[in-house]
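Just below sit the structures, each encoded as structure tokens.
Two complexes follow with subunit A in common, the first pairing it with subunit B and the second with subunit C.
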Partner chain A sequence: MSVITEVAPQHWQSACSALLDQKMRFLGLYASHAEGALALRAMFHEQAEPVALVPGERRDGDGERCRVRPFAEVLCEPDSGYRPGCSSSPFRVLTCSSAEGSFGSIVHRVPAAVWDEREAHDLYGVELKGHEPMRALVAHPAALNDWTVPVTGQGTNQVVVGPIHAGVIESGHFRFHAVGERILNLDLRLFYKHRGLERAAQGASLERAIKIIQRACATDAVSNSLAYAQACEELLGLWPTKALALQRTLLVELERLYSHLNDIGAICAGIGFAPGAMAFSSMKERALRVNHALSGHRYLFDTIAVGHATRLASEKAEAAAEELEALRSDAMRAWREVLFNASVQNRLKGTGTLPRKIAQRLGAVGPAARGSGLKLDARTFSARLCYEGFVPLLPEDPTGDVASRMAARAAELPATFDMLKELLEHVAHPPALLAGTEETAPCSPIGVGVVEGPRGQSVCAVESDGETIERVHLRSGSYANWPSLAYCTAGNLLGDFPLINKSFELCYACVDR
Partner chain B sequence: MSSQDLRALVGLAIALVGGAILSPLLPGLIQTLKARLQGRVGPSIFQPYRELRRLWGKSVVSPQSTTILYRLAPSVSAAALLCAVAVVPVMAGEGSFPLGHDALVLLGLLALSRFALAVASWDTGSGFSLMSASRDLTFSVFVEALILIDITLAALPVHSTDLSAMVAGTAGISGWGGPVRWCALGAFFLVVVAETGRQPVDNPDTHLELTMIHEGPLLEYAGRDLAMLQWSSAARHWVILALAAEIFLPHAAGPLESLVCLVIWLVVLCAGLALAETWQAKMRLLMVPRLLVVGSVLAVTGVVTFYMGARL
Partner chain C sequence: MYVLLRQLSRIRRDADISVPKRRISAAMRHVDSGSCNGCEQELEALSNPFYDLQRYGITMVASPRHADILVVTGTVTTRMEGPLRLAYGAMPEPRIVAAIGNCAIGAGVIGEAECLVGDVSMVLPVDIRIPGCPPTPDAIASALLRALGESSTSLPR
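Presenting the complex of A and B:
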């Protein structure tokens, strides 16, 4: 269970700084109501090794393909069962409550918290001293000065895109300041489809709330709901059996597979390279059909439950493994076609560059972070899943541009295929219940779950008495990456923005929640 | 009526039938071939006709803030293209009719169509239309220079800017031994790609507002206006591809033989465009002028070679 530390409002900033000084990594921040007062919670986790790669450093495990411990070996071990104590949890939660709802901002120490603080301000009315100017994020004020960065100068003009687009695209409003074709600054306005899911889950049972959390977004359904389930299990003091961990690992990797295939295809579509787009979208469709055969749902809905497994069609596992084997060779061939097409690479190289330092500062996660050379992957500390020995896979040349974000996904595909092939051999095991305690008394008031989804880590925090939800907070990989996207758009051409956008392929829905 | 006049009438009739009625087959053919190359079934080559019929039956909707400039643009563009279709000769040895076949008139008509759309985008005040129109006009500086030099290259041997004279002058295979014709052909390929709005210059399939060039000014139009603009785009394909086939590619001297050549070259050119569009991604926007300058340099090289050849 995670270590929860209560601090006084005047020590909030120094306590956060102290954790960061201990090489803790910021996971997210949210506001909550606690006994008539407003509370802020910040989540951190211990990182085992520095995430930034020294230029020229040889990566360990180069040349290997599958880096995780063999699953057969994992299954042979006896279940360790309930793990009491907090020594095994890598998470730290700082909480702080104040009757006036006034706190010091930590955004200068943790720039990655900028959206979190703006959201806490807009939704909970938290006052964050030192966060200047506090621009609106969830709220949509009419005055431009209230939410955009002012840009002045000769020949600057504004180009406004959305929230209604010419294609089938979610609602998002982009306001570019540009000189001719060159973008100076991008202001984002999302939250058009804010459904208040977190609020809707309050008061619901732990079992029911997973439905609400899962519906934040379809393409991250598994990673979001698994982060939630893990948070609940941590709160309840449960630990998954090996068989359950294997099944969940399988589901996360299935989600990653179709998502990466889709994202590579989307980048091809963004530059009008139709053969690549067609090949990868047809492969995505095949992956979705595998999902459907195994779980009964193309986007793997309702496959994660709190405290127990769901049934997977184990009789289809063999056929699925065969299909994935065929898919693998097709995907690798299509990837080579994309890689060796000069006109494609010409468009991708040097477009939308996110430097490593900025990625680290803004808290980029997932393929976006790895494309910028950050050795960052929540799978390295996912003790509740089967990723023992996992090493983050980085592209050959992590320069942080569109090409390397695309290569980061392609680099993960072989490992995902390897893992899926092996995992499917074990899906035949009967659905397993959680090993653990009989008692359902909560071990801790706040549980945290982190899962590496296709777009980066999904972080979920659950506050509960063990029966009903008091507060749940979901911070998906997309949420973490939007500020990085806005940053690396500046300096590029207007016509390249759709491409840069697609190289992140961020989800609007799980940000809007 | 003399046989010369009769020939002129027949030529005009064929040009109008081809340019006005059959031209939607060209983008249709490109779309179908592209779909096949990408492993899709794709629409039939008659799909543009269905589109035109559907749009023609719909009423016109105009933005409130627009003026007569906006409403006239589709008609002006379509009329300019219709005249352009008449100006491009389709048969060798065709007599001249009152409008003539002057190459500069053709360039003027193409520019008029572009100008009408740019003015209409300015009239709507829509950001994307304006942005696309501005890109189109920027590129047109390079494209028009390129066409002009290239046409000059074809006009030099016959000492006339009359297109039918050029068709007659370039017929046969005698000129292909020297570098001049090859330079002219190479340069005109870039004209074809740029003027038809195909990849790598523009992506006709895109729905991304920020990347549009030729699609942008069409964004606000609907119904019959849009039908006229889509027809204009198809007619533009005809004009440019017919010009390529009749002047810049090898063709026969006789009237019937040259017609057969025209049909064959149109199909081959469409296939070539489909192929290029499949294997090339869209180019970075600011690289397009460079590509077009390469074409101009090629055409100028042709002109220089022509004069050097004449002196030697």
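Presenting the complex of A and C:
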């Protein structure tokens, strides 16, 4: 159960600072209506600041073994997944309400909160004192100065792209300020696909709302809806049994597998390396077919439910494990071809560098953070899933460029294949355990769920009376990473932007919602 | 490189990809008017070695100016209505609109009413409707080929 603390508006900034001083990490911030007043909620979790890679510590992408505690061992224990010691929630929620809707901004202490504050301002009309200038994010004002950073000087020009792009890409608008080909600054205007999903979920039942949250994004469907389900279960005081936790771990890793294969292929496509792009896109297709065989859906839709498990085709598990074994050998051989192709690597190295300190300040997550050398992975604190003993895997040389972000994904593939192999054995021979939840903790008014998805952590907060949604907020890994993408574009050439964009492979749909 | 090319030729052999007897010539332009990224994933999958839609002569082009078919995914949001109309307006006649996925054809629309215009047919005349959430690449390819076979007289050859 999250620890929820109510603070007065005048203490909002100092309360947030105090939590950060205790080495808590910022998870997200959102606005809400509470009894006629406007409220802000900030979510934190207990974890020391991400540890940097120790110089000289070697990470061999292919040789790295799965370090997670064996699932067979986990299953042997009696089904008391809820242990007060480790499973008291690591989350802290600060809430603050003000009749005037005016709060102090925390963006100077937490630069990662910049988009959250702009969104709270645009959607709820919250006034954030000290956040100057307050540029529009969700709102689309006509005047350029209301949403762009002014760039002036001799020879500066603007290049405008979108919302419709040249390929099969989602809709979003980019405004580059450049001198010749050199990018000085990138202003993003997303939210063209804003469908109001969070507001549409208000008043819906907890079971109905998972459909809405899942449709935020197809490629993060499992991680987003699982974060939502975990938030609901925390709110209801439920704890998943081991069988349910194993099934959910399997689904999250299946999603990671096809997504990482897709992203490596997309980077190859970004530099016109067709053999790599085609090889990895066909491997992604094979992974999607495994998903379909196991769950009935290529993107694993409708596999997560609040409080109980869904049916997986256990009779297909053995064939799936065989196919994944073949896929593993193909993927690792193809990866070596990409890794040791000098002209490919030369094109990727030094492009779109995101320094470690900036990644930390801007709150980068997922492979983007690990590519910059941050040992940051929500799997290290996912007590509701089976990741006991998990250690984040970093690429060998995490310099934060496109090559590192690509290697960060490849470095995770062997561990993902290992976990999937073991997990599929349990699907094929399901233990006589109840895949459900047990009641453990008293109910709380706000539940928080965090799941490490392929693009980073999905954070979901749910406020409810236990039956209908009062407020739900989803902050996906893509949302956290867009500011980092904009930052590391500066200084690069216009022609490199598609490549840098591909190396983050961020989703627009779950940002726009 | 050698390993990659060998893997690819093995895939093509195993997937039993036939060379079509008749090739058509159709250029597609994609607009995402508010999807969840699922239909985009499947549209992109059409170019992977398992489906290879290009062998039928159907290609994705970068500009609506070059396109015969406008492929629209997702419910139309209020913010994408204008760009969608612009893209359609930029296309030369004769032009075809394909609505891909349940959101685009108006089945199972999710969202808040004031953010959405509605399905694609509320904005543009829709010729081809392909249901699914998302429709599989097979479903998209066969629906496109079927529709193009029927309307081939109006398509540029």
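Criterion: the second predicted complex is superposed on the first by the 476 of 513 C-alpha atoms of A that agree within 3 Å, B and C clash if a C-alpha of one lies under 4 Å from a C-alpha of the other, contacts with A are read in each partner's own complex, and residues count from 1 in each chain.
As a convention for this text, a residue touches a chain if its C-beta (ideal position, glycine included) is under 8 Å from a C-beta of that chain, and two chains touch if they have at least 3 such contacts.
What you see is a predicted model, and the numbers here were worked out from it, not measured in a lab.
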Does subunit B (first) or subunit C (second) touch A:His140, or do both, or does neither?
second
Tell me the contact category for A:Ala509 with respect to subunit B and subunit C: first, second, both or neither.
second
Between subunit B and subunit C, which makes contact with more of the residues in subunit A?
C
Between subunit B and subunit C, whom does A:Arg298 touch in the aligned arrangement: first, second, both, or neither?
second
Of the partners subunit B and subunit C, which touch A:Lys284 in the superposed model: first, second, both, neither?
second
Scan A:Gln22 for contacts with subunit B and subunit C and give back first, second, both or neither.
neither
Quick check for you: in the superposed arrangement, does A:Ser102 touch first (subunit B), second (subunit C), both or neither?
neither
A:Arg199 contacts which: subunit B (first), subunit C (second), both, neither?
second
Quick check for you: in the superposed arrangement, does A:Gln10 touch first (subunit B), second (subunit C), both or neither?
neither
Go through the superposed model and pick first if A:Ile212 touches only subunit B, second if only subunit C, both, or neither.
second
What is the shared patch of subunit A, the residues that subunit B and subunit C both contact?
166-167, 275, 278-279, 282, 341
Name, in rising order, each residue of subunit B that touches subunit A in their complex.
34, 37-40, 127, 131, 199-200, 203, 205-211, 219, 277-286
Subunit C to subunit A touching residues, read off their complex:
1, 3-5, 7-8, 11, 30-38, 40-45, 47-50, 60, 62-63, 74-75, 77, 79-80, 83, 87, 110-112, 114-116, 133-134, 136
In the complex, go through subunit A and note every residue touching subunit C.
140, 163-164, 166-171, 191-197, 199-200, 211-212, 215-219, 262, 275-276, 278-279, 281-282, 284-285, 288, 298-299, 301, 330, 333-334, 336-337, 341, 507-510
Subunit A - residues contacting subunit B, complex
159-161, 165-167, 181, 268, 270-275, 278-279, 282, 341, 343-344, 346-347, 493-498
